[in-house]
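Take a look at these structures.
Both of the next two complexes hold chain A, though its partner changes from chain B to chain C.
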Partner chain A sequence: MLWHALTLQLGYNATLVTLGAMLLGVAAGVTGTFLFLRKRALVSDAISHATLPGVGIAFIIMVVLGGDGRSLIGLMLGSAASAWIGLLCIGFLTRRTRLAEDAAIGAVLSVFFGIGIVFLTYIQTMSEGRQAGLEGFLLGSTAGMLYSDAVIIAVGGAAVLLAVIAFRRPLSAIAFDPEFAASSGLNVPRLDLIMMGLVMAITVVGLKIVGLILIVALLIIPPVTARFWSERVTGVLWVAGVVGGVAGYVGAALSAIAPALPTGPVIVLVLFAMFALSLLFAPARGVLAAVLKHLSFQKRVHVRQGLLALAQGQPIYEKLTLRLLQRSGLARADGVPTPDGKARAAKALRDERRWQMARSREEFALAATFYDGLTEIEGVLTSDQISELDRLIGAPQGVPV
Partner chain B sequence: MMGEEFVALSLTPILIGTLAAIACALPGNFLLLRRQALIGDAISHVVLPGIVVAFLITGVVSAVPMMLGAAGAAVVAVVMIEAIRRLGKIEPGAAMGVTFTAMFAGGVLLLEQSDTSTVHLDVEHALFGNLESLIWLDATGWASLWDMEALAYLPVELPRLGAVLFVVILFTWIYWRPLKISTFDEGFAQSVGIRTGALGFALVIVAALAAVAAFDAVGSIIVIAMFICPPAAARLMTNSLSVQVAWSVLFATLSAVLGYVFAGYGRLWFGAENSVSAAGMIAAVSGLILALTAVFGPHRARSGAPAEG
Partner chain C sequence: MTSLELATSDGTRMIETPAGAALAIRGMTVSYGQKPAVFSVDMTVPVGSMTAIIGPNGAGKSTLLKAALGVIKPLAGSAQVFGQPVAQARARIAYVPQRASVDWDFPTRVLDVVLMGLYRELGLLGRLRGTHKAKAMDCLKRVGMQDFATRQIGQLSGGQQQRVFLARALAQDADLYLLDEPFAGVDAATEKAIIDVLQALRADGKTVVAVHHDLSTVTDYFDRVFLINTTRVAEGTVEEAFTPQTLQDAYGGRLATGQLGQTALGA
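And then the complex of A and B:
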């Protein structure tokens, strides 16, 4: 069953929805990256909650006009209109009053959602509304989806993806460095508006599949995940697109195989699994990589300090140091250096003395800034400079015979 | 409307709504000024998995384990946001977005997978609450307020929210000065010996307590709206923190009372067939108040900045 779902053999509707969810996921991942880099990730949460009154009003209008009110395209238009009004409210509150953007986001989110709920409960009391299934827009549902709805979602997902691809260059310019983008002639406010328009389009297309409460995850989690894998804008965009696409595809396919697996939550949990794996195992930025880096640094410090202690004939009390020296064959278990250890220890002490001399002389001032107790002096100074240092230090003094 | 029927059917929901609104609005004032306004949003989302897990463990819908589960989930969420922020070097907004969507999705999935068809526990209930059902059937009129026997059958949410509100007020009152100082000038607060980190965490815990208690009674929409809208509207009315807190309490009360009345009696006035969601209406009224203050509030503009356009 799972294999059938993943290979798109569950019927025409399920296939269309799965492909639509994948396209939507890619588009959301890429658009979300722009939002994330602009540090405005949570605006999308307000936009998605603000769609609910529009869904309700559109339903009521369609019923009043004599339709059955369930036309997906009509509901999508309504949700887009009310999301746009919500966006304008956030803009008004942040620009014209002294409220910060997070307060404006929270206010718009909760008030619009509340108004939407008022409409939904009103619709439930209308005779036409009992079977409307508008609650499906809260958490998304693909069960019992009409063929025409599946087509709208697939086409909508593809259209949003094309729009994102068309605007990728100017959008990455403003996401990365808005001042530079403005000085090179880009209209930053208008591009911001386009970005918000794309976010809105994704929300509206995703309403039916993912639901309005969780659609924000499709915009936030892919870029956050991608950030672990790349330090470059293009890299983050690609990874975010792939992560979003995979989650949309796998999530929609998984939820098609059982009735108690709502699409939205499944897609979000697939996304979160990818995020958690990246957080733990990504090279360079992941937790595991950080732990390994820390351990290797700790080891180098211990070995270095151990060698200096050996060279000066001091006993080593730190167990970890002793163990590390022993494992590298530099000392025995009782702390007595091996011949190899003796040579390395002498070298370490000599290098330390060289660094000391270098740091006290003006002509080595630049090189001396590299001193951190671990950097090898040969990596910083030429052999000529090192012999110059040795000459300044002079012959060994006060060696007991 | 003001007689026996009112006491039995409307008095307790209005009181519960008002207590919940004030309990959320009080910590909301400080969260707003600390630019942490969306904490309320995050907490109200993550409460769902906590409640579901508590239900799965105990097998009954009862208040105490659910409150514990919700509080536990709130703490898990706060820790997870901090961990993602620190370990991944991710900005706080995005870390919050990752956490609350994932936990909410987990809660919904658990709920759908487990057999909760026999009990009253579903996502809609968690979102909208069920303020209208918290009626006091034993009341026969205003005299019941002095009748110990009838008082014993008050909806249990009322005394519980009263206790939580008392804790919230106590916290705000005892820590008023440190809260005020650390909210406006964290560096100065540290230099006079206030442990700002611990105080900030305590504030979030108190907010979570208020959110969980209110959530149980009235659903998460009211929680989010009351954390933000009354304090934001109050902020546009005054420059003084104590006056702002007073305004926010007034606005929260107004929203709760008017919202409930509009929702419940709206059908009589507007000719609708049935009443609409009180929780939604309360949020809508608080938004209306915020809109009015955003247009007419005496301190709506940033101080010193010229009014734009």
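And then the complex of A and C:
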């Protein structure tokens, strides 16, 4: 059953929903990247919570006008309107009062969500409200989704994706250096508004599948995961798109076989799995890589210090140093250097003298800035420069070369 | 310096912007909250000059620059660049903000930062081509950073970061270069590299304005100074405006008089 779901063999409708969710995930990951880079991730949480009153009001209006309150387009328009009002409130509180943005976000988020819940509870008491299934908008649900709903989600996701790609350069410019961007003529407040508008569009489009409480995960976790893998905006965008797409796809497929399970939490779990793997195993920025890097650095420091001690005939007190020298075949357990160790020790001491000479001469000032006790001098200076240093030092003293 | 004598900041100015000015600021007032950081400042920068904006901490040096560029909105006043409003002269302006103003862990490489100087030229949908990359590489070469093109910006030293910012401004191919503390916290080799680039720009007829904090190098690096402490204190060539008296006026008791005398003499 699971395999059937993942390979799109559960019928036309389920397939369409799954593909729509995937497209939404890609668009959310890419849009969220700019939100993340601009360091405004939490605004998306406020936007999504602020959609709830709109959902309720739109439902009531549609019912009062004699229509079917469940029309997805109608509910989306309502949610967009109230999310926009929420955004304006945050903007107003931040600009016109002394409140910081995080406080404004907290206030708007909770007040709008509270109002929305009041509407939803009221709708439950209406005769049309009982089967409305509006709770599905909280945590997401693909159950009972219509063909037209899936099309709306797919088209909406694709449209947002195209818009974000078109604006990728100015959006990354204002995220990296807003002052420079403004000086070169970019309208920073307007671009911020465009970004927020796109985030709002993702929220509204994703409301049905992911649910408003967890849509923030689909916007933020993909770029955060992607950041572990890339040092370039383009790379982060690609990886975030893939991560979001996979999460949307798997989330919708799983919920097709377990309709009782809300889609939002499933998507979040898939996202979390990818995030956790990246956190641990990413090559440059992962936790494991950092530990390994530290250990190898520590080893280099200890071996170097040990070699210098050996070269000067000093005893080695630290156990770790001795163990590392021993393991590299440079010294015996009693601290006496092996022939290989002797040669390496002499070279280390020689290089140390060369560095000291380089640091004392003005003509080597630039190279001397690379000195950290570990860097090999051959990597910084050419062989003729090193010969010049050797000439200045004179013949090796007391240490066999 | 007739343009200078004509433009006063006491509210009686009647004089239009001098035609030969690269940058002309008139009546600029900027305020954060209720306290003006810059009050009614006039500034005239002749074409082809190299001007240091100096003054104590919090005197409004950076603020003046940002307001002239339209990065922050002034309460009053205006700025013209080569006789045009700033908004119409963007293509002729390059800007180097303070290094500390950005997040250096941003996922971008050195070459990508320099390419940002070409975004205006590229427009929204223009494609980045080989010629753009070649131009960006050339700008990196001018600041001695060509070997760092593919480095992540977080791996750079402070001086190298400053050079990358300068390369990005060079990519803007402007006539007026505005720099905010380009020498702050950089090593001696970088300071030399930057001043060489700036002097080469001036030799090409470009105009350079830099917020500067090191009084001991003013006479060596610049030919004009603009002293500010919320209001304009003095403006003119180094000989006429960089004197113990003007420094005393700008810095008040914050510098010992003896030190001031030495500095102004270039000792």
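For the reader, a short list of remarks on this structure follows.
The criterion applied here is as follows: the second predicted complex is superposed on the first by the 371 of 401 C-alpha atoms of A that agree within 3 Å, B and C clash if a C-alpha of one lies under 4 Å from a C-alpha of the other, contacts with A are read in each partner's own complex, and residues count from 1 in each chain.
Just so it is clear, a residue touches a chain if its C-beta (ideal position, glycine included) is under 8 Å from a C-beta of that chain, and two chains touch if they have at least 3 such contacts.
Computed from a prediction, not measured in an experiment: that's the story for all the values here.
Of the two partner chains placed by superposition, A:Q298 touches none, neither chain B nor chain C. More residues of chain A lie in touch with B than with the remaining chain of the pair chain B and chain C. In the superposition on chain A, contact is made by A:S183 with chain C only, not with chain B. Once the two complexes are overlaid on the shared chain, A:R227 sits against chain B and chain C alike.
Of the two partner chains placed around the shared chain by superposition, neither chain B nor chain C is touched by A:Q314.
By the touch criterion defined above, A:Y122 reaches chain B but does not reach chain C. In the superposition on chain A, the residues of chain A contacted by chain B and by chain C overlap at 39, 227. The touching residues of chain B, counted against chain A in their complex, run 32, 35-38, 40-41, 45, 84, 87-91, 93-98, 101-102, 104-106, 108-109, 112-113, 123-124, 127-128, 221-222, 224-225, 227-229, 232, 235-236, 263, 272-277, 279-284, 286-287, 290, 294, 297, 299-303, 307-308. Looking at the complex, you find that chain A touches chain B at residues 36, 39-42, 45, 92-93, 95-100, 102-103, 105-107, 109-118, 120-122, 125-126, 135, 138-139, 213-214, 216-217, 220-221, 223-224, 227-228, 260-262, 264-266, 268-269, 271-272, 275, 279, 285, 287, 290. Touching chain A in their complex are the following residues of chain C: 66, 69-71, 87, 90, 93, 95, 97, 101-103, 106-109, 112-113, 116-117, 119-120, 122, 124-125, 152, 168, 172, 178, 187, 189.
Those residues of chain A lying in contact with chain C across their complex are 37, 39, 166-167, 169-170, 172-173, 175-177, 179-180, 182-186, 227, 230-233, 235-236, 365-366, 369.
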